[in-house]
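Heads up, the next two complexes both have chain A, just with different partners, chain B and then chain C.
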Partner chain A sequence: MEGTQLGQIPAKATTGAGQGAVDEVDLTPVRTYWQLARQRFMQHSLAVVGLIVMAILVTLALVVPTITGSLYAKTSLSLANHPPSLLNPFAPLGYDSIGMNVFIRLVKALQTSLFVGFSAVSIIVVVGITVGAIAGYVGGAVDNLLMRLVDVVLSLPSFFLIVMMVALFGTGNAIVVIVAIGIVGWTTAARLVRAEFLSLRETDFVQAARALGAGDRRIIVRHMLPAAMAPVVVAATLGIADSVVVEATLSFLSFGISPPEASLGNMLTNAQEFFYRQPILILYPGLTLILVVLAASFMGDGLRDALDPRQRVRK
Partner chain B sequence: MTKYIVRRLLGAIPVLFGLSIVLFAFIHLIPGDPATAILGQHATAQRIAEMREYLGLDDPLPVQYVDYLAGLLQGDFGRSFINNQPVLGEFLRRFPATVELTIAAMIFAVGVGIPLGRFAARYAQRWPDGAVTVLSLLGISIPVFVLGLTLQYIFAVQLKVLPASSRIDARLQLDLQTNFVLIDAWLHAGWTFDEKVDAFVDGVRHLVLPAIALGSIPLAIITRITRASVIEVANEDYVRTARAKGLTERRIDGRHIMRNAWLPVVTVIGLQVGGLLAGAVITETVFAWNGVGRWIVDAIGNRDYFVVQSTILIFALIFLMVNLIVDIAYAFLNPRIRYA
Partner chain C sequence: MSGQTWADGAAIEPIEASASLVRANGGAGRVLLRAEHVVKHFPIRGGLLGVTTIGAVRAVDDVSFEVRRGETLGLVGESGCGKTTLGKVILRLIPATSGQVYVDDRPLFDLNATQLKEARRDLQVVFQDPYASLNPRMTVGEIVGEGPLVHGLTDKAKREELVRELLAKVGLNQSHIHRYPHEFSGGQRQRIGIARALALNPEFIVCDEPVSALDVSIQSQVLNLLDDLQQELGLTYLFIAHNLAVVEHISDRVGVMYLGKLVELADVDPLYAAPKHPYTVALLSAVPEPDPRRRKKRLVLKGDVPSPAAPPEGCRFNTRCWLREQLGNPERCETEEPVFRDVGAGHLVACHFSEEVTPQAIASAAERQLPVIGA
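== the complex of A and B ==
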């Protein structure tokens, strides 16, 4: 299968990267859950493509803005509307209507988007795990109360709440955007963790830990959480895509990150203004956004299959 | 059944009540003074004090909240700070525009999504299935406003076959009565039948692009769910039995597969409504569509407190109602479900 070959290339790459033990492990019949998961992930060709694309995007977003510094906000009117040209290594995508370097700006915007996406998901995961773990572990009235809270948050028009929070507490501030997405988005993670905890609580290994005298905190953190992580990892990966889109949308509606700071959303707002003169300006931020979303979705799908212990490793 | 509906309705009350407190607290905790926001930075202190008194902003917060809640229960959703219009009236005036757009988007999503899903299921694991899967992945991944701008560019700017924005050609000078353009076209007094048809067609032409932009995500989701659901049901024993006893494929499809495959599809259609309302805000902004979505965004930008509070509350109410209707529809479609 072509897909399998594709999937194995990075597997070899990681073997080469200083993990000599992998060959040995492959020979022994015993493989840990995470090793199996990695193998299953590598067999999922779209997921691997997603991972590679995401890795490239993250590297770009980390490296280029560091080198170019504040150039992303520099305007030089003499260069305005300069067309894209691959011959110009400093501005392969040309200049926009006020002479900003589109490529440098695009990468800076990508950095903003990824920063917001990853940070918002961190909040979602931390809050979600905390609430879900408490609800699932303690149970009873606490569980009931927390789950009603989840129901309430889920029944709200979430996008409006995010827009409102951002507009009222600080338009243009990336931190506010992150917190707003986090506050509204934690419910799914909480539900997933709770469901896992409810069933884990009754398992033998948790009972055994308790019988050995482990405290609540130790049982939760050392025994139950690692076993409950799989669905959260999947939800978090898919959540990156959602958060990036929400940020871009907020910025597009001019509530999120505003110029001169760069964001994929505000680049699109700007592009809409100069629709007739330079329609191609829609293409770059639009495609970048789609690329981020697709990469994260593919990775999420791959992780879902990989982390499911019932899925078998193809040989 | 009735008991179930009543219980669900009662269950919505604490949610709305809690939400009203949250919204109220939220808005009053923010930095910045609404009186200053309305009058501008250069207003005199005296004018600002007058404005604060007029708006009731000097009362203690609990008093303001009780006033607000009492108003809500009497159908008074407050007035806009900006133009002093009652919020409810303005909401009702604009809501049909959003509903018209949402219905059009839903018709597009369901009308294309279900046949597409069935088509993919029929050719499961073959190339048409793969093509549909890629298409639906793209549909989910393209943000509404990116798709909206792209559609505008292709069909309005380049091909010039469809209008780029607004609800109807302003030159037609359509009287907005119901604010459903497609209905008002027929109600317009003094127009000949041909003129009415022209206006209707113009309204439809304006609807096409925003409806596609807004409907793309539900379309993708409905396609996926329909495909998965049809494949699952098609593997059931009773479908094999139906085929074995010699029924036509057409009958098997209609009577045996689709009847059962509907369930998850209906649920997912219902779940999309909330997303559509959020998507409508963006679509309305891209296509200069004069509905509730644009209004709420403007209101938030202007710190128009009552407008924001009330519209989000009304949206939450609609959201809850839609979920209830979906659950009930689910019960009707699936006699195996009993709500006690």
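== the complex of A and C ==
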């Protein structure tokens, strides 16, 4: 990293000196906003751990099910309750009570959960930012209307709303689960963005941009959204953890993704049924869930620091 | 002039061309900006849904004045008197409740979006807080170059050249172009803000307390910079401040505001030597005396500034006016709003009894207050 930046210095120094004798040469390497953000993120060791764990989980979730195909749903009763064994590379976590390969199933479940988590958060972020930005920027009656809508959504017991939607529009369908979580969850993001926009609209730098003749789109995209993004990114990363937990809860209550499809929630349900025979089965999906949630939370913390340009980059 | 070099290349709208023509012909002394009966009321909302208007904060209430080309018009007043709001309203950064501002006889408040964007090239602003006025996520180059970019200078290399020129002009190191605002000191940041305002080659700059947030040692540097730039580029300033010494130093004419109204407007020397409004007298008597051996007689106003949501009837200053007390509380002050009138040589005052503001009257008012000050 240092090497590549050092390479830029001579060029910088000559242009600086060429302009006039008054100039002292600025030897600070030129770094963009994103380079600085990445450096700040890298200084946050827990966040880096979170990122690594998340990267491993995502890679596993993408690679293993592609190789193993539909094996996650295959039952072979002869292998039922086979104990975990590291000696068996094909089934290191053994087989469950109906002879399904626990490892393959766990990775498939992880894939489902992450898919649900990321997709639901995408809906939350897109809807939340749009609604919040419009409310905060336009203000007045529009703001009032949108915020009352938020109040209505917030006043409904969210989990029952999700259960109801899933029950009505198709139990066991991941898409329905995602949309349900999204519809219920966008309110927090909308409120965050609106609050940021309300205060940003009055800041001097936004006023200065307006005085320069910048249009609404430029002011929103260039000046207000980047400043409003930090809390949203943090909320979104934490939202991934939330969504994964909600999906697991739904599946645990048999409203979410049902067998033979795999999800961390329905694996927990399954493990709970056979708790006395094979208690260890509850550990795998449980631990995976904890890993996902912790990794997302740590990343959220790191991102919050990284996206604040006033945080110093330590040398 | 730097701004011109690129503007000439890009398609320039007539307004810019005519404005610079006037400047080239030495149009000093002619009216550049005329504010007529500018009113800004902020509604106080209440009711169940918060949509019913239950009152208004009269931040700016019927203010009229002119700014002449090439001059610096100072605007002073206490905190909350509406100076900053007035500055933002005449730049159309916040919409006026009523009134009109004419820039070169064009009605600013009636311009459509395209015309307004063009007009903004001539009207710029430097804000008070050098920390809040620069976007922390943009480099100095992006900040200063934004105006030219918005107005069609899309060539990145040309823009950077212009920005470097501007940085040099405001006394900043050109090689700092890729740095972020938080890497600079307050004074340097204010210079960046000034460079941003200059980037569009404006005629008129509203300086909204540009030095209030700076160290005293830095204040004079920034003031001198503003002064030099005015000489060099023929700029016109509306200089808003609460520091009377600073305003005296930089202004050609000075307006005094109280509770959303302009109460006095005159050339700087007559105003400081012989103020005609009792409020200005009191304001000036609050300027600290640098010589500790000289005992200065001060006129201390009683009470607080009334709420701008419910200003007093008649003259707004009548609740605190020492002159009114001295004259035996004439009823006129409470019933009739004073006209902003010319009391000679363009000295405008909004007081029924400004002829009574004599050195003797001031001295005797201060005399009566002396025991209070000593206690």
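Here is the rule we go by: the second predicted complex is superposed on the first by the 258 of 315 C-alpha atoms of A that agree within 3 Å, B and C clash if a C-alpha of one lies under 4 Å from a C-alpha of the other, contacts with A are read in each partner's own complex, and residues count from 1 in each chain.
Basically, contacts are C-beta pairs under 8 Å (C-beta built on N, C-alpha and C of every residue); 3 or more make two chains touch, one makes a residue touch a chain.
Note that the structure is predicted; figures quoted are calculated from it, not measured.
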>> Touch test for A:M267: chain B only (first), chain C only (second), both, or neither?
In response: neither
> Just chain B (first), just chain C (second), both, or neither: which does A:H223 touch?
Replying inline: second
>> Which partner chains sit in contact with A:G286 here, chain B, chain C, both or neither? Use first/second/both/neither.
In response: first
> Is A:A211 touching the first partner chain B, the second partner chain C, both, or neither of them?
Replying inline: second
>> With both complexes overlaid on chain A, does A:A167 touch chain B (first), chain C (second), both or neither?
In response: first
> What is the contact status of A:I123 with respect to chain B (first) and chain C (second): first, second, both, or neither?
Replying inline: neither
>> Taking the superposition on A as described, I'd like to know which of chain B and chain C A:M100 touches: first, second, both or neither.
In response: neither
>> After the superposition on A, what does A:I181 contact: first (chain B), second (chain C), both or neither?
In response: neither
>> Under the stated contact criterion, what part of chain A meets chain C in this complex?
In response: 12-13, 15-16, 19-20, 22-26, 28, 30-31, 33, 36, 141, 144, 203-205, 207-215, 218, 222-223, 226-227, 309-310
>> For the complex, give me every residue of chain C touching chain A.
In response: 49-51, 88, 91, 93, 116-118, 120-121, 123-125, 127-129, 132-138, 146-147, 150-151, 164, 168, 173-176, 178-180, 182, 193, 196, 199-200
> Where on chain B does chain A make contact in their complex?
Replying inline: 15, 18-19, 26-27, 30-31, 137-138, 140-146, 149-150, 152-153, 157, 274, 277-278, 281-282, 285-286, 296-297, 300-301, 303, 308, 312, 315-316, 319-320, 323
> Which residues of chain A touch chain B in the complex?
Replying inline: 151-152, 155-161, 163-165, 167-169, 241, 245, 248-249, 252-255, 268, 271-272, 275-276, 279, 282, 286, 289-290, 293-294, 297
